[in-house]
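This is the structure I have questions about; it appears just below.
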Amino acid sequence: MSSPGEARLAVRVGRRLGDFSFACDIDVPLAGVTALFGASGAGKTTFINLVAGLQRPDSGRIVVGSRVFFDSEARVNEPVERRELGIVFQDARLFPHLTVHKNLMFGLRRARRRTAAPHIAFDAVVQLLGLAGMLERRPHTLSGGERQRVAVGRALLAQPRLLLMDEPLASLDGPRKAEVLPYIERLSDELDVPIVYVSHAVDEVLRLARRLVVLDRGMVVASGLVDDVLPDPAVARLFPAIEAGSLLHCVVRSHDERYGLSLLELEGGGVLRVPRVDLATGAALRVRIPARDVALSLSQPLDVSTVNRLPGTIIDMNRLDVTHIDVRVALGNARPMRARVTREAADRLGLAAGQPVWCLIKSVALDRATLLMAPDPGSEATESTLAIDPRGSRASRK
Amino acid sequence: MLRRTLLPVLLFTCALTAQARDLTVFAAASLQDAFAEIGQMYRQGGAHDVGFSFAASSALARQIEQGAPAAVFASADEQWMDYLQQRGLIVADTRKSLLGNQLVLVVPADSTATVELKPGFDFARLLGGRRWVTGDPRSVPVGRYAQEALTRLGVWQFARSRLVRAENVRAALALVERGEAAAGIVYATDAAVSRKVRVAAVFPADTHTPITYPMAIVSRQDSAAARDFVQFLQGPEAAATFRKFGFSVR
Amino acid sequence: MLTPTEIIALRLSLQVALSAVAFSLPLAVLVAWALSRVDFAGKSLLHAFVHLPLVLPPVVIGYFLLVLFGTRGPIGGWLDEAFGLRLIFSRSGAALAAAVMSFPLMVRAIRLALDAVDRRLEDAARTLGATRFDVFFNVTLPLMLPGIISGCIVAFAAALGDFGATITFVGNVEGETQTLSLAIYSLAQSPDGDAAALRLVIISLVLALAALLFSEWVARRVRTYIGRA
């Protein structure tokens, strides 16, 4: 799974605190953005505290890149200040007695004592996060969003080998979140720092992360690429906010000005028609389709209003609950499409694995699929983020 | 439960007050030992009970002025008795000065210092960089006498800069006994009762006003018991006791 | 307006109180830290011991100091032999007595300030590469500052006012240990000292009030400065 020489983040620990026990076994590449997703109380903050060294595991091993931070058997426990991590806390935690400038310099000054050549420069960070106007101000005069940006900047300037962000947007309201999110998106693009992004907000995870680790009550439930993990019904069962569905990769093929539509070509063939998106042809994007917005038909539906009809073959069927079944349909070489059908319908249609079927995707589903439109992080395309306005027709680029 | 503890406490307090002194005597600190013994003798005589409060004459006079319930006042100098008399606080015709004392320079018992108390004597050498103690010359009689004597001998300017002011003569004595002060000026009678100090020299009588102990009855507390005690103080048994302790008796 | 004796007493009081506070400060911070952040056997004993001067009669404290630090006492004797330092009858002794009496007040104020510092900020500082020492001097201490300043000023006022411990331990020596309280006491004993005593009483009152008001003002200013107003 890991290529030789690739730096990894490996955390295998156990810790008990009163009633709460936390155990995880995570081994992911130390690159790009890895999201750590879970409900409140799932252990996300515990994870951060353990990796940071602010709490001590009862047993296990924590390895970041080439450094062993903790090993209960070898009795290694690297002190917090030597771990060279950057932590962005939910509550910013800016030092109230220092100006923004001094806050930013706090980590940098100390990092300079360690290494001669800091690779994340002050000016670059200030520019990246738009902090130029606030350098001489005090934290208590800043808004929540501004504070978080400074917190991010401060953590970055400490020259971290890994940036851990603990629900940095949780204490912000909608407009502030929207203000700060783009800055965080640019982080992983423009700076060469791996990020672990902890959150319980699905939309943030989708927008920012390439890999996803799901925690539930202190245990790791799933780990892998976002595209693979997120649609998994097992995950969806735990988190109603994540609807089981499909994540499809496509490329903009053309625009139909007459009908106000854009044509998206799916990997592996197939075409989706969506309300016009403001992207150039050739632009790559991901599209999320909730499973319950996909209907199945045994024959090619010609007399229906549904715009998008894709042929495929049933891979497997899994019972979700007493009423519903999750059906996975292979669409050529693309990632599978997921459809949620009633058991009654499945029996009536005689659905079974191997059966050719047609997937009907209500175009409404695409409007609501505001989730993410980031091109697959890791692909060559570098378009910036996109959001489809759920109400309307126009997608706008940020 | 409350009654069970309250009642005994009340009774006890009543008993205490019932035993309340018929008589309270305020006397200068230097009279402590002599008066205690005389008081014992008086009580054994059976007439009245008597209690004492010993402190610097200055403190006692001020307390009497504030209304303290002393019946008899024995001061270590005439000035404090004058102070009360001027304010009409004592029965003037009961005022008598019968006792006398001497002023001495003491050093800790283990000190080998010697000195001759003549004009311009080398006080600095005696002190060896340390300090000497007596009652506060501003108010305490022994301090006043000391200041007088040292001024007469021409060393007061220096002495003043090395002075530790004590509450009363016994406090001064204690500091010398403890060795904290290199020397002290106290009454001969005080030095006599202490085994931890040695008299280095006696101040010649012409260096200071004669030390006398006026005694009087406090007007507000005038009573038969008070007069009875004063009479006893001025009697032969008391005189013998005073002499025993080193006071001169007229 | 003021006689030389009174001026000497005033100046001495200020000197003694200032040195008392200055020298107890580091120890007070240390003790406050130990009581607030460290767990060790005998912690409640330390707490009780530190607060004794608040509870015991000052004269008792003075007496203990005399027994320990007097010229023939165990510590006093050693100081005399080793350094020729005698605390009794001296300004340093007066400062020691004042320091002991005001110590609990300082420790309390500093400890409160320490408890109020957000530990999460300290955690954040550590994640940014600061050692514990570094964190203390650059994060904790600045944030404790208003509390430390109030503590010092209140301790200063308490030190100014001590009587029992001072007179019992170092005696009444004009220019060396005769602080305002002792001077007032002496003057009150003298037949003609009332007027002077009253003058000094007023001065003491003014000083104490000024100190308390100043402490409040400073604490407020520093709080705004560090953004906690």
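Just so it is clear, A, B and C label the chains in written order, and each chain counts residues from 1 on its own.
To be clear about the criterion, contacts are C-beta pairs under 8 Å (C-beta built on N, C-alpha and C of every residue); 3 or more make two chains touch, one makes a residue touch a chain.
Worth saying up front: this structure is predicted, and the values here are computed from it rather than measured.
Trainee: Pretend chain C isn't there and tell me which chains still hang together through touching.
Mentor: Components, chain C removed in thought: A | B.
Trainee: If you average all the Cα positions, which chain's own average lands nearest?
Mentor: C
Trainee: Based on CA centres, what chain would you say lies at the far end from chain A?
Mentor: Of all chains, B has its centre farthest from that of chain A.
Trainee: On a C-alpha centroid basis, what's the spacing between chain A and chain C, in Å?
Mentor: The answer is 58 Å.
Trainee: If you average the CA atoms of chain A and of chain B, how many Å lie between those two points?
Mentor: From the centre of chain A to the centre of chain B is 93 Å.
Trainee: Using mean C-alpha positions as chain centres, tell me how far chain B is from chain C in Å, no decimals.
Mentor: That gives a centre separation of 36 Å.
Trainee: By residue number and range, which residues of chain B touch two or more other chains?
Mentor: Within chain B, no residue contacts more than one other chain.
Trainee: Got the chain C residues that touch at least 2 other chains?
Mentor: none
Trainee: Could you please specify the touching residues of chain C with respect to chain A in the complex?
Mentor: Going by the criterion above, the answer is residues 118, 120-121, 123-132, 134, 138-139, 142-143, 225-228.
Trainee: Would you mind writing out the residues of chain B in touch with chain C in their complex?
Mentor: So the residues of chain B touching chain C come out as 56, 58-59, 62, 79-80, 83, 130-131, 133, 136, 138-140, 160-161, 163-166, 175, 178-181.
Trainee: Okay, in this complex, where on chain C does chain B touch?
Mentor: On the chain C side, the touching residues are 70-72, 86, 88-89, 171-175, 178, 186-191, 193.
Trainee: Provide the residue numbers of chain A that touch chain C in the complex, in ascending order.
Mentor: 52-54, 79-87, 89, 91, 93, 95-97, 106-107, 110-111, 114, 138-141, 154-155, 158
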